[in-house]
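These notes open a run of structures that come right after.
Okay, so chain A shows up in both of these, paired with chain B first and chain C after.
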Partner chain A sequence: MTKDSSGDVRLSGISKTYGAFTAVHPLDLTVPQGSFFALLGASGCGKTTTLRMIAGLEEPSGGTVSLGEQDVTNLPPYKRPVNTVFQSYALFPHLDIFENVAFGLRRRGIKSVKKQVEDMLELVQLGEQARKKPHQLSGGQQQRVAVARALINHPKVLLLDEPLGALDLKLRRQMQLELKRIQTEVGITFVHVTHDQEEAMTMADTVAVMNAGRVEQLGSPADLYENPRTTFVANFLGTSNFIEAEVDTRSGDEIVLRAGGGKLVLPGARCSAPAAVGGKVLVGVRPEKISLTHADEAGGIPEGRNRITGRIADSSFIGVSTQYVVDSPVCPEFEVYAQNIDRDPRLVPGAEVVLHWNPAHTFGLDAAQSLLAGTTGSAGIETVAEEAAR
Partner chain B sequence: MTTLTDAPPAAPESAPKERPPRRRGRLTPYWLLLPGLLWLVVFFALPMVYQASTSVQTGSLEEGYQVTWHFATYWDALTDYWPQFLRSIAYAGTATILCLLLGYPLAYLIAFRAGRWRNLILILVIAPFFTSFLIRTLAWKTILADGGPVVGALNSLHVLDVTSWLGVTAGDRVLATPLAVVCGLTYNFLPFMILPLYTSLERIDGRLHEASGDLYARPFTTFRRVTFPLSMPGVVSGTLLTFIPASGDYVNADLLGSTDTRMVGNVIQTQFLRILDYPTAAALSFILMAGILAIVTLYIRKSGTEDLV
Partner chain C sequence: MALVRWFKRHLVVIAGLLTLGYLLLPNIVVTVFSFNNPKGRFNYEWQEFSTEAWTDPCGVADMCGSLSLSLRIAAWATVGATVLGTMIAFALVRYRFRARGAVNSLIFLPMAMPEVVMAASLLTLFLNLGAQLGFWTILIAHIMFCLSFVVTAVKARVMSMDPRLEQAAQDLYAGPVQTFLRVTLPIAAPGIAAGALLAFALSFDDFIITNFNAGSTVTFPMFVWGSAQRGTPVQINVIGTAMFIVAVLFVLAGMVIGNRRNRQKA
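So, the complex of A and B:
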């Protein structure tokens, strides 16, 4: 956006260990000035610890934190030009909204705060509530006070620790848009910690997916979704189908794979695994990229599409789309989301079908990893294991 | 108040729907109040009325006392014993401030820093209660004894020169001086300060400290702007629990003091038990009560605790 780099956050080799448990493995990360950056992961993955190290609330076990050109690793929180929106807001209960928002300005010895505080309360649409105490406000309003209290200091970086976690779904959607609007308006670097993949995708320019103290993958939401490089990312962001396949031939930009009896084509650029001929690769494809055709009409499928056969095991109509579970020899529970445009009445459980998709929508992953990484069940187990380690 | 306003809404739930007359259910809270009210009537209201009537009686022990509405007793008591009243308030006030200065850091430590030692320290704070108040005060008599190690140490450090100059000790002695009495009061009432302070400090959300630090407040500023204001309920109840009993106390002045350190409690005790001048003793009690009530009301107004969450 701008060439100013004073709001860059640079983490170099930063890590955090608690006794024998490593919360954050040495991590390098650069968040460019003015961007909306999300740290996404299940609870216990180290995202909050990373955020707290940027804020200075947690002392890193190794590595450095820099803001722009300044190394702030050894600065206490009150000397860092960053502000935090805490998970449960942490508003001062003995101060009214005005004084809560004015707190940071007053601590820096600024005398005439009235105008600034009023403008800030206007920005978060709380002008009327200035003289109320925090407990008199609703959750959404308290959340906006927390944002205002941090933003008024014009921090170089605003850190948000699961700021929407305590709100109900509808309010959360509304606040996501609100936060995005504010960020665009003030142009400050936002680092947002969340476990909600939808939240991260709607709000952030760049998302870092964290798992077990490491960044699994970093990129724009679309990039992460379309081209995941690990099964964790593929499963944590949306749903993915995986087919274990063997590399048959490799020519230029195209990898041809054998799975079951059929052949699948995968663009070389979309394969993050070393695909040597004869080696194994996990072929992934998102459920909504797949078309479903009744076996009787398989001849009408255009050439050049990846195709596999199967039988519909289950289908559920959910209004905007129909979700099918297809049993295929190469993959037991293949998920397919079909838009309800022209529904073929023959596509009911038990029907023989052909699944086909554009090879460009295929992605290839290293076969030596768990297919279930990042699914809700396994994330839970990991969390329990980490907490036990703590 | 709270019991009265909160309890009735709960009552209709407990009453079954098919029985429209719900009188029993509605009366339940009042029945529950009854034992407490009865206790207050027997042990608080009746003695108060009895004392009030005693204070306006005249007569003598031999002829018996009669209610003659002799309000002059109050005036006489006040003119005769105002130095003891002032002394009580000064000693109790000093002891309260000392308790706050000693108790706050300790309560803070227990609430935020003690970790797994928390319960042990709390038990140590309460431990003195396992022995009698009298025994503990007598122990201070030994501790502060003339020529004892404490006095010797204070003397060689020239602390006693300073305190003598201030007029709170006399020469080489600590015992039988205002300092000894205030020390005794501070010691005896310290747990009453620490416990409420601890309770209100412990309730403060640690993230508020983090938020304050995040908003450019240095640790001391965080204490002044966040921690201390939020602990005000504890400060107020702690000071009240210390000041009120301390200003009526007579044991410390009796055991550790001299005739020059008599507090109003000692006067009341003497009037009641030695001189047997019941009207004067009763009048003194009422004056003390009114005085404390006035001070406490003013104090609560000033500290504005009703504003706190």
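So, the complex of A and C:
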């Protein structure tokens, strides 16, 4: 089977500098035809700049952009077969909804646009609103107009620049599913820029996590979540616990580590650090993979599980789960999420506990990096910097 | 007590009406005296009702000639100042160039400078250039001082415009010319129209600068000034009233159109 590759987006060595500031370091990226691709990162990480270089709205300082077999690096935006859904939509205020959606068709000299526009407005459920002006619609409706205005041109690639940023939470969830549905229906390549990790994971087939102008890691949402290769990715996607450990022995596919007084086992394939014997490794584990057992019953824990001891410092009940913060000699503020199936009434702040988990859920990272990279404190929500960059 | 309470409740309306009266009183006087039949040459005292001046508005020698000259100058000055001013405004808002700051402040100078100073220096300039005073010198002077008003009006509009709208147009296959005609210009239009109206009004009733630089040419404001020395024909009031009515009609038409558009939207 020959796969259609006319909608591939290929970035080769693309970069962007503003004076002394490098917004995007030389970047190679291929987005296959028909996929839903997300560029995920905090404010100012270069994701929007990358998107705008694909659209042609930003001139790259180096490298090339190709769509399928065609090198479009030197084409102006109005000659590229891509369309963009802008942040805050950029609907034309002086034109009604119908004319907004028809804009692209008319500019390409297509005469009979009525049928197409009406069909497209039906697709986004706005048939009734055709003669209204953009400011008379709600945020969610405007967002759908922006999508319709871009999709009607059957672009090879649809670029979405934080398209859901201005919507409230409930509407955002709804539009996420809606966009995913539309993408599946039309089969066009979507490149989606967002700072919301949940949004990226819900919608995209492949996610590229960007940080400071570089792609930190690229993969499927599950792969990124389960096998983060840097603390930035581990923290930016969900929450992670880290333990600094020393490599004790290495036997075949297993690495045995020493942390505090205890031993932890890490599968060799899940360690992205060199891990020479005697070297340091950051051991990571997700809070929901951990089981919590009261110290009195520690004997009942099956053999072969990684275990550390600690004392519960705090617990908060949030319905589906209870979130514990455990103080442990190897790691202060260890986070544990326990499903509320059988709650042990002894697990209250102050209780001595044993934390244990399947070694297969452990991942190993290079110890020479900040534990806090990618946490909310260091990488806030999309705000001023990115706005100013426009 | 009831009276005091009524007064308190309607204080804003009463103040508004008084202000309006203060503004409109001169216009009312002009209108009333356009129906006067004065004895002698001065139209300052009410004598008797007459429609003579309205039936023969051009009955005074040279007046309609000066009026049409003023309208022509105002029209061309509007066109010139609007085209140039719009381009300057776009340049100032959209581009970063070396003398941008200086141009930005210099453009306000004609507004700030006393008119009589500007008039005198322009005359000096024209005389030194050996220019023949008349229609063209007036037009050049008018475009010059109308420019700053147009720039100010258009600049405000362009500044509030989202540059992403033009990017969106480009993204939707509109080349630079199409983007300007289909998106930029329609969105900037209210600012440009405001600037144009201002330019027309300023040019039409300018007296000082025109008087200095007109040579032997006589515009309408100059005609009114000149005739006031020798006696004021009723026809001046007729023209004044007519202009007032035309302006009011324009405003009313604008309101009606605006209302209808709003009602359609709702």
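Rule of thumb we're sticking to: the second predicted complex is superposed on the first by the 377 of 390 C-alpha atoms of A that agree within 3 Å, B and C clash if a C-alpha of one lies under 4 Å from a C-alpha of the other, contacts with A are read in each partner's own complex, and residues count from 1 in each chain.
Rule of thumb we're sticking to: contacts are C-beta pairs under 8 Å (C-beta built on N, C-alpha and C of every residue); 3 or more make two chains touch, one makes a residue touch a chain.
What you see is a predicted model, and the numbers here were worked out from it, not measured in a lab.
Asker: Would you mind checking whether chain B and chain C clash or fit side by side on chain A after the superposition?
Answerer: clash
Asker: Just to be sure I read the superposition right, which of the two partners does A:F190 touch: chain B = first, chain C = second, or both, or neither?
Answerer: neither
Asker: Check the residue A:Y324 against both partner chains and state whether it touches chain B (first), chain C (second), both, or neither.
Answerer: neither
Asker: By the touch definition at the top of the document, which applies to A:Q136: first (chain B), second (chain C), both, or neither?
Answerer: The answer is second: A:Q136 touches chain C but not chain B.
Asker: Kindly classify A:W357 by the partners it touches after superposition: chain B alone (first), chain C alone (second), both, or neither?
Answerer: Once the two structures are laid over each other on A, A:W357 reaches no partner at all.
Asker: For A:F236, decide between first (touching chain B), second (touching chain C), both and neither.
Answerer: Neither partner.
Asker: If I apply the document's touch criterion, which positions on chain A are contacted by chain B in one structure and by chain C in the other?
Answerer: In chain A, positions 55-57, 76-79, 82-84, 86, 88, 90-94, 103-104, 107-108, 133, 149-150, 153 sit in both the chain B and chain C interfaces.
Asker: Note which residues of chain A are touching chain C in the complex, please.
Answerer: Spelled out, the residues of chain A in touch with chain C are 55-57, 76-79, 82-84, 86-88, 90-94, 103-104, 107-108, 132-133, 136, 149-150, 153, 390.
Asker: Taking the complex as given, what residues does chain C use to touch chain A?
Answerer: Spelled out, the residues of chain C in touch with chain A are 162-165, 167-175, 178-179, 182-183, 186-187, 265.
Asker: Of all residues in chain A, which touch chain B in the complex?
Answerer: So the residues of chain A in touch with chain B come to 55-57, 76-79, 82-84, 86, 88, 90-94, 103-104, 107-108, 133, 135, 149-150, 153.
Asker: Spell out the residues on chain B that touch chain A in their complex, using ranges where they run on.
Answerer: 205, 207-208, 210-218, 221, 225-226, 229-230, 232, 307-309
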